[in-house]
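Two complexes, one shared chain (chain A), two partners (chain B, chain C).
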Partner chain A sequence: MVAVAIEYFGPAKTYTNGVAHERVELTEPATLNTLIQHVGRSYSSEFAQYIVSSCGVVVNEDYVETERIGIEFFGKNIALQSGDVVGIIPPVSSG
Partner chain B sequence: MSLSLNEYLRYGRQLIVPEFGLQGQISLKNSRVLVVGAGGLGCPALQYLVGAGFGTVGIVDHDTVDISNLHRQILHTSETVEMLKCESAKLQLAKLNPLVQINTHPVALSPDNSFGIFEQYDIILDCTDTPATRYLINDTAVLLGLTVISGSGLKTEGQLSILNFNNTGPCYRCFYPTPPPPSSVTACSDGGVLGPVIGIMGVMMALEAIKVVSGYYLREDVEFQPFLSLYSGYGPLQSLRTFKMRRRSPKCRVCNAGTREITRHVIETELDYAVWCGKMDYNVLEKDERVSVEQLSAQRAPYLVDVRAKEQYSIVHLPNSINIPLNALKHMDTLDVPKETMIYVICRFGNDSQLAVKHLKSIGYENCVDVIGGLTQWSRQIDPNFPIY
Partner chain C sequence: MSIFVDITDKPLDSAEVLNYVRHPQAGAIVYFGGTTRNTFEGKEVVSLAYEAHPRLAIKTLESIAHEAKAKFQSVHKIAIVHRTGVVPVATESVMIAVSSTHRKEGWLCGEWVLEKVKERAEIWKIEKYADGDSVYKENDVSNVLSRT
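What follows is the complex of A and B.
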């Protein structure tokens, strides 16, 4: 099992009922893709879709480059290891 | 160019900061900075930009001052309510530093005017509040080779970044190639924001503008690294986390010359940012699915569901209404009442309540209606002692 931490920034928390961070256990091989699928099952497919289509994602404080193709989840080839910290960063326009 | 005796006195405290110095001051004096939006971000940013002595400061804002602005838009005052925001801001700023040339542009930024306005400036601060405006600002600035200091904030958190630094990207479209779905976009008026949070972001934006214009990021010992900073006010402790961002996207439609599809011509003739970003369509009910506030007030003991967020319900609500926030309601397939129950649905303005009725009907509650104009209309027509916010 691969244990990663997830942080939900800003308005991502409206999809997680206020949860700001949590630890998640994934089966191997763990990728960003499998993590997003897990998040979609825990909260809603709407949230997973929102992450794929609209959010920035950081892994260990580095923004990841991802392919976003239609409704395909991205990050299929971004492997995750135990101890990684993944951040979900939605766009915020208000000011 | 050198400084007058007056300027040595006025700017002395920043002149002697090693990272800034006389050269820093001269570079500010030679620079023209544009602040788009004289609101929660723009007000504090403008105060520090003008105080610091930029040669020319421009303000774009078509809006007028409202009382609900004053807890965070601190350039405006109770006395300038209903004045144009850029004029209200200029009043205060001119008193702060008469040496700065302040230009006001009391227009809504649009593809018709963005290039004409931006061409007059050297650096842009995006202090606006919608995705459509942010993409327009980004695209215009990139095509003119300008750097954008981009900030935002909501509730207790804020974001800060520098876009298109030194004309090498990344830009807003590199970060967010697809606009967010309209249902996920929250404005400060809906989500709320604390004054100091948005104030901190505005002040940070002003500092980044000073750093960029004074050449800090071009120094040999400093390498500009694209970043996104996230501020959290209620961590529980305050914190600023900075993430390393990607460089220019190899597929960017505006800032990568090889894959550019968005040109000035496209922006000025074809691109409709509002349409591309989409708008929430709340008008989903027929006339006979809605009632007026008068009709509601004539009911003796209506089963009234208030679909606002619980924080809004807790500040004020009608007696005997029950609170089921729309976000929760959308995931429910039954309420605790029989399906034939006559249900009245209300919210703040009469928008979300329509979406709620649509959902309730889809799970079998045929006898439900929403209240046109919501609690705001209730306050205006039935009970003026009911607070509007």
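What follows is the complex of A and C.
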């Protein structure tokens, strides 16, 4: 098992009933896609779609620069390891 | 250091950012204060709050200030501060101050910095309305999908 933490910020929490962070256990090999599929099952497929189409994703506070098609991330740097912290960064409303 | 950035849940102090950017070679200090409105599209806003990813937001504000210094060569010092938590109406949620040799580059730099903050800083605003609704806002210029 791969245990990761996921953090939801701002409007992402409207999809999680206010949950701001949680621990998720994924079967190997774990990737951003298996994590987002898990989130989609826990909450809604709309949330999974929202993350992939509209949100930035950080792993251990570094942005993942990857292609997105449909509800999947493509490219390198999408593998997850135990202890990783994944942050969901929705469109911002600073200012 | 010639930049100062902060994310704080305390009231912002314009004197502090203005004094920070003061510089003997500067002929101008340009200041922007973004204040909170009490209406949105005709609806009365009863309360307004910001939350941030503090570490990412600080990192982003720092990189915006460094990019601005590189882009606007006659700028001496830059301060960018953003408030989080509940912000009363008609109160500053963001302050930007820039000192520059000449005023024009100061104005341009201040505007550029503000646009970048609205595009990238990992901060979210939620408005609560008199009718009981509450909504997370989204900046038109927001860009969270790519940092490159």
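By definition in this document, the second predicted complex is superposed on the first by the 84 of 95 C-alpha atoms of A that agree within 3 Å, B and C clash if a C-alpha of one lies under 4 Å from a C-alpha of the other, contacts with A are read in each partner's own complex, and residues count from 1 in each chain.
The working rule: contacts are C-beta pairs under 8 Å (C-beta built on N, C-alpha and C of every residue); 3 or more make two chains touch, one makes a residue touch a chain.
Predicted, not measured: the structure shown is a model, and the values here were computed from it.
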Return fit or clash for chain B versus chain C, each positioned on chain A through the superposition.
-> clash
Between chain B (first) and chain C (second), which does A:Q81 come into contact with in this model arrangement: first, second, both, or neither?
-> neither
Touch check for A:Y63: first (chain B), second (chain C), both, or neither?
-> both
Using the touch definition from the top, say if A:Y50 reaches chain B (first), chain C (second), both or neither.
-> first
Common ground on chain A, meaning residues reached by chain C in one complex and by chain B in the other | 9-11, 14, 54, 56, 58, 61, 63, 65, 68, 87, 89-95
As the complex stands, chain A meets chain C at residues 7, 9-11, 14, 54-56, 58, 61, 63, 65, 68, 87, 89-95
Across the complex, what residues on chain C touch chain A?
-> 34, 50-51, 53, 55-57, 59, 82, 93-94, 114, 117-126, 136-139, 142, 144-148
In the complex, chain B touches chain A at residues 37, 39-42, 126-131, 133-134, 151-154, 157-159, 175-181, 184-188, 191, 193, 198, 201, 228, 230, 241-246, 249, 327, 331
Can you list the chain A residues touching chain B in their complex?
-> 9-11, 14, 44, 50, 53-54, 56, 58, 61-63, 65, 68, 87, 89-95
